[in-house]
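Mind looking over this structure? Questions follow.
Each chain carries a letter (A, B, C and D) given by its place in the written order, and its residues are counted from 1.
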């Protein structure tokens, strides 16, 4: 008997079923290679630096939704919340990388680090020029400890992929794109809150539940619990706290310009994201920070978590110009 | 004490808070008039037929998210699930309609019919040329009865607005656009299923709950219950049933071409929508129906319902060409 | 013989009493709407009546003036019930003058009902506000024909409206959104009809 | 004196027994991961071992061959545990030959542990698989130095791994995703460490 409220055929075929539908829906933009599994843009751009990213599934539209003109050349989806294998990363990268080489955009998670590192070593040994950048924007897991895993990689990945995708499209070299990525990472911080955990495909258990008068603070994108549980407050106060903490971490000051992303974690209605964005805009305005560009939507998710994240990137002319460059992908287009 | 898991400040300011955030996020595209409340495109196009739509809030991104080049000129949001007033419709239409007149796109709900009709009468009397089209695609409420309210207007609204927006942009006359709208409506049918009802802003009650081993069949976009409750099945079978019923209603036959929309009702992850789209594509393929264009995403919602709808429109050359025309709005861009 | 009439001051108090009873019953009205529709009726009507309450002028010396405020308030209410109640109260505003006799109230109720029927298309038995408006109009007409004073005419109307509203529970809806949920609305009183009953019942304290 | 060695057939049965006990405990392994991570460990490792089970060749006459199949299976497992187990079993594959003496098993466990540490960066006490791998490697070395037969050496390793895994419950995690949930993972055994214990325990039936 089926007893899980999900539109799926079953856990076993889940990732393949999703990718099959995705590839059919965007046949003009992408091509899905079934085994090893990866998604590449339909119109290859072999002369520029290739951008390759990936990670566990369950974060849709990240990363496959960002494959296309002006952003990623290939996305490598693992199983849900599970890093893809070196074999997948290698095959995807070889499919898109030309002489200009490839940048691997990796979110800071042990599994992703390990699998992408193994892939990079093998690619390198087989003559494909690769550099890797590790995105680590999530303030919730920032610690002082030395050997600690550090900040997780979350929604800033989208900013890195958009900006670096544009730079690659403009003809930047691998080192230039990699350095730019490093710069965007260094200037980006995120923080997320949620009213619920995530429910894996086919599972009737949610990773955690939150009482109706509380909110989980500092959650990640794998259904992990947050770092604290706070009393529920109006979104005005909630966003003010998120903004204050991110601003502090970025040393934001009056006159700075930022790119802001208010991102839904999977089951949050767009209306509430816009509402939160309005509050964020107010907070920044009061602090004299210029909200140069804003993006609101459901982009970097944790299956069906009813939460949201706020990401700020301190911008400069170059980053803003690259942000504005045309992009044509399934999830982002302008 | 706050005890509702929503990112809001409270029910009273909800609609205004959402629209404020929306207008800030898309300041380059739209302008929000606070009172009477309506959204218009930033760059007016006074020479063409104006497209105006509206209805209760809670269906975001519909309609405000479709204001922009190639789609709507104005959107008129009422309170949640509540038709806007004639005053709002009149003010919005006057703000965008020039000599070419305006088409009012109305979803088939008693409140919308009444308020838009009153507005149309007054606009007409004050010299603004208007025609109205009523979208009624939802098969779930189809009956034989004569005085019955008939099929509700749901996700086909998006198809009507896209296609007619393109026609208006190309310079079609008011009568041409209105006739086209009527034609698209006649060729479009939808059906929706859900795992949950909707929760109004600030309310801790959900309009209905569904046991974990069942699915609500034939739901609308106001949190209403469906027409039946079915045992939960794999999405393959669920989509097959939706497709069969819609195909029957449209007399779909081998060789026909369709535009398909798989639409989330507010809290359904994109991955599951793609998965459903893959199944839909398979069903149509087996029936020899050509899936000429597909759209997958969360476009016409019922707050945070975890459901989805399938819409099919029987297409011809003209409809496909207009569908492909450029569009630049908050929620749809290509 | 002087026809006894409802005064502007009484109409004012009546409308205020109506507002108060609706505010007190807002949750129940929404709950009924949740079972048969989308759950916003209590909020919709409360918002309108609170705004109307703030705009009623105690110095207004015409019954028609008070009803006009009510009508324009509902016209800005949106939803299904907003414009329908607006048209209905517009009927009263046009039928009444400085005061309102039972005959004028009957005229108003009939004109309002005609407007609601034309605009909304519902017939008695469709499980809408019409199911309370229609018997109330008839009761007012009978009372007016018997030369009843407004107080008595309105009491008769209240009784008729209440019965009409109560009976809606036994209808399965065909009109409006309740029709979409079909059997689920069975046994549920239509909130619009209930509001009509509350309106006439509110006269009892104010009009004597 | 002939050094007693583990045969290829025994290694085959050991790996099959490992697969079976993991499959039987998949739900618990996922549940532990749900409390300290993302809840997929049971699925991840089961998928790999089921695939490995299908690819093991009963005719394979080298212990090293069986371990190589295990390693390459895990390399295609993804996640954090996939490549780490792959590197670990690769250590065994390289240290063993046609057979495997206790010394070869100790060599493999040490080389594997070194690879896991280099690639994953975890130290003992970080609440990872390392907390079971490290004491198991030590126990194998001690046993090998005492010229123990594989059966005994593996029993010692199983005991050491089990203790190491059990103790992880008392650690708050610093490495891996468990570190993100901090105190919430307190009291929860690390599933990766538990899998290492199950691996050595599976030898008991197969190696004698």
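By our rule, contacts are C-beta pairs under 8 Å (C-beta built on N, C-alpha and C of every residue); 3 or more make two chains touch, one makes a residue touch a chain.
Keep in mind the model is a prediction, meaning the values are calculated, not measured.
In summary, no chain was found to touch both subunit A and subunit B. Ranked by distance of CA centroids from subunit C, the top chain is D.
Taking the mean of the C-alpha atoms as each chain's centre, subunit B and subunit C sit 33 Å apart.
Between subunit B and subunit D, the centres computed from C-alpha atoms are 55 Å apart.
One simple way to say how far apart two chains are is to compare their mean CA positions; for subunit C and subunit D this gives 77 Å. For subunit D, the set of residues touching two or more other chains is empty. Counting only residues that touch two or more partner chains, subunit B has none.
In terms of inter-chain touching, the protein chains here are arranged end to end in an open line. Going by the touch rule set out above, the chain pairs that meet are A-B, A-D, B-C.
Interface of subunit B with subunit C (complex): residues 11, 56, 78-88, 109-111, 114-115, 117-118, 140-141, 145, 147-149, 152, 200, 203, 205, 207, 220, 222-225, 227. Residue ranges of subunit D in contact with subunit A, taken from their complex: 34, 37-40, 43-44, 47, 75-84, 119-121, 123, 126, 174-177, 179-182, 184. Across the complex, subunit A meets subunit B through its residues 1-10, 14, 17-22, 24-25, 57-58, 60-61, 65, 195-196, 204, 210, 212-213, 215, 231-236, 238, 266-279, 281, 291, 294-296, 298, 301, 303-304, 306, 308, 328, 333-334.
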